[in-house]
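After this come two complexes, each holding chain A, first together with chain B and then together with chain C.
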Partner chain A sequence: MSFVLNGQPRAWQPQLTLEALLRQEGYIGNIPEAPQSDAGSCTASIRAGVAVAIGQQVVPRSTWAQRVIAQQDEIELFQAIAGG
Partner chain B sequence: MTDQSQIGRSPQAAEPSAAQDEMSWRRYGRQMLLPEIGERGQQRLGQARVLIVGLGGLGSPAALYLAAGGVGQLWLSDDDVVATSNLQRQILYTSAELQQPKCNAASKRLAQLNPNIRCYAVAALAESTGSRLLKPDGQAVDLVLDCSDNMATRQLLNRCCVELQIPLLSAAASGWQGSLLLFDYRPSLVSAAEPEPGCYHCLYPQQEEPALNCQNAGIVGPVAGMLGTLQALEAMKFLLGLPSSALGALQHFDGLSGHWRRVALRADPLCPVCHPPVIPTSAPDAASVASARMENRR
Partner chain C sequence: MTDELTTTPLIIAGRPFGSRLFTGTGKFASAQMMSSAIAASGSELVTMALRRVQLEGPDQQILAPLQRLGVHLLPNTSGARTAKEAVYAAHLAREALGTNWVKLEIHPDARYLMPDPLATLQAAEQLVADGFVVLPYCSADPVLCKLLEAVGCAAVMPLGAAIGSNQGLSTREMLKIIIEQSGVPVVVDAGIGAPSHAAEAMELGADAVLVNTAIAVASQPQRMAQAFRLAVEAGRLAYEAGLASRRVVAEASSPLSGFLASLS
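Up next, the complex of A and B:
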């Protein structure tokens, strides 16, 4: 039983949310938590800009905490790029 | 796919004269031969107005190809000067133009390339200049190209485009990586898109600069060149009213492996920028844009 993260198989765990996975992977929580008083500030604790897609569709940031990872999910992370 | 009939058809635009037609065929004939372009498409390009924010590794090829292809008005925004370390990828400039403002050097180069179009240098993007840049002579541009080099500018430009309902074609490059995004913020198309693709802020809500940028991660010249060239291609298609594969999707390029990845965008129902459409509270202010730009300079 597994899911795929950036092309690599991972052991699936029941009730693992996208938010928890990204926290495990170090994408969330490495800078001080911002007060979660409104929709905008809940994004402030992401270490570096990262977007997430499951099954080729972006999962909006505000829904990561509710999104439970299913077996066979194919998850892709896209680090923000700002250079030019 | 999308109705873009309002682009390149200003009511006061006169029919081209025979002399103009002849000039067009001489200069643009190789692209006018394509059935998707032709004389009518070339006229649309000639009447189009595009704002390019950032004249670096992305903006160089984007501006060169749009000028060469006869896009009638290019509005150019960049407050930087040409540095030696720019020349590895910023192909608008030569070693003779070091320390010159990029806007001026770019306008001169583009006018030499194609004297039949108009290039205008405009102010750098800031909180106070946003709407002036997007409506440089009171009339909105048809399309904005984000070729900037920092997250604060990207967020501010996105917010301006959402507010003024102007389409945004955004590219970025760093290291071996590049990305391309097209958002059509015109009201009839925002509501028509299903599922809703949202805005740049829905995809990347973080205001902080990414850990890696051109200065600390480096940048491979042709990767920036590729993304800037693709921006020019998608811009021309957009101005011609052709469907774009960049619309509603994040396209990501890895120059090291040569792989492209493409995923569909989804609006964030809690996005403070586009849901509801006008709440500019969390966007960066002019000071943070300016300080990010200073940090990114060498």
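Up next, the complex of A and C:
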């Protein structure tokens, strides 16, 4: 039983939310230089410039805490980087 | 009347810009170098890209320095090869950066990175419907630019030459037609390799230029950014001042009164 995060299979756990997964991965927590404007619905700071999609559907930040990861979910994590 | 040495502000989708130089954030040797160059450029709109996170890779922290500069962010859809991918990338960028502005770019071929006109038009129409302020990177095709305007793009961004090629305005004659016809701002994007190219685009009447490589890979990016800033200001000022027309034959700048004829 697994789900996929950026192409890598992960062990699935019941009731694991997207927010909890992102916390495990270090995208929510004590993040240096997190901008003040980024204080979303989560209590901890969220790394700036990050977006998440499941099955190529963008999951709004405000729903990360409610979104429970299902088996076979294909989660993609994106980040803003330098570009022209 | 405007101040003699002040050019009129540019307005895109209701947002005024004091600077007509837009800059990219790619290819800089460090975030510090990027930051100081963008500050020196005076740019108020800077592009960024979006990538799938490399879970074990190094983390690029360029967003915080950009936010400290107070510039507006213009995420691009670079990497998209189809309209569907570009629309997906735009929605991700809106979520990641909290802006509905997007530089739409779709280039299926990596050798020349030429934008796909059909896919760009299709994606532009969809993104406008989805509430985005769409600035499409496109071929210097006057008909395409009018079509992009018609579907609701906030500006058009025709290319001067291939991305990163530093060739200047190889599409100059087409750009002139685009500028003459456009009802939305024209931002010359790609190929601008020297401040003189930027000045040339502005003298033609382009509303702005977007520069990345030429600044980022200069030996001294900060000084090059300042050079581009001056060139864009000079070019715009010249355009607003009204350039003298070209002539085939000479027209004397001094009186030819013939007073020396008596010496012969």
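As a convention for this text, the second predicted complex is superposed on the first by the 67 of 84 C-alpha atoms of A that agree within 3 Å, B and C clash if a C-alpha of one lies under 4 Å from a C-alpha of the other, contacts with A are read in each partner's own complex, and residues count from 1 in each chain.
What we mean here is this: contacts are C-beta pairs under 8 Å (C-beta built on N, C-alpha and C of every residue); 3 or more make two chains touch, one makes a residue touch a chain.
None of these values were measured; they are calculated from a predicted model.
Legend: residue contacts after superposition of the two complexes on their common chain; A:Leu5 is shown touching chain C, with no touch to chain B. When the two structures are aligned on the shared chain, A:Glu25 is found in touch with chain C, with no touch to chain B.
Of the two partner chains, chain C is the only one touched by A:Leu77; chain B is not. Of the two partner chains placed around the shared chain by superposition, chain B is the only one that A:Ser62 touches, whereas chain C remains out of contact.
Within the superposed three-chain model, A:Ala51 lies in touch with chain B and with chain C [touch as defined at top].
In the superposed pair of complexes, A:Leu16 makes contact with neither chain B nor chain C. Comparing the two interfaces of chain A, the one with chain B and the one with chain C have residues 48-49, 51, 53, 56, 58, 60-61, 76, 78-84 in common.
The touching residues of chain B, when paired with chain A in their complex, are 54, 56-59, 146-151, 154, 171-174, 177-179, 198, 202-214, 217, 219, 224, 227-228, 250, 252, 261-272, 281-282. Within the complex formed with chain B, the residues of chain A that make contact are 38-41, 43-44, 46-49, 51, 53, 56-63, 76, 78-84. Taken together, the chain A residues at the contact with chain C in this complex read 5-6, 8, 25, 33-35, 37, 48-53, 56, 58, 60-61, 76-84. Chain C contributes residues 24-28, 34, 47-53, 55, 59-64, 67, 73, 75-76, 78, 88, 91-98, 163-164, 210, 212-213 to its touches with chain A in the complex.
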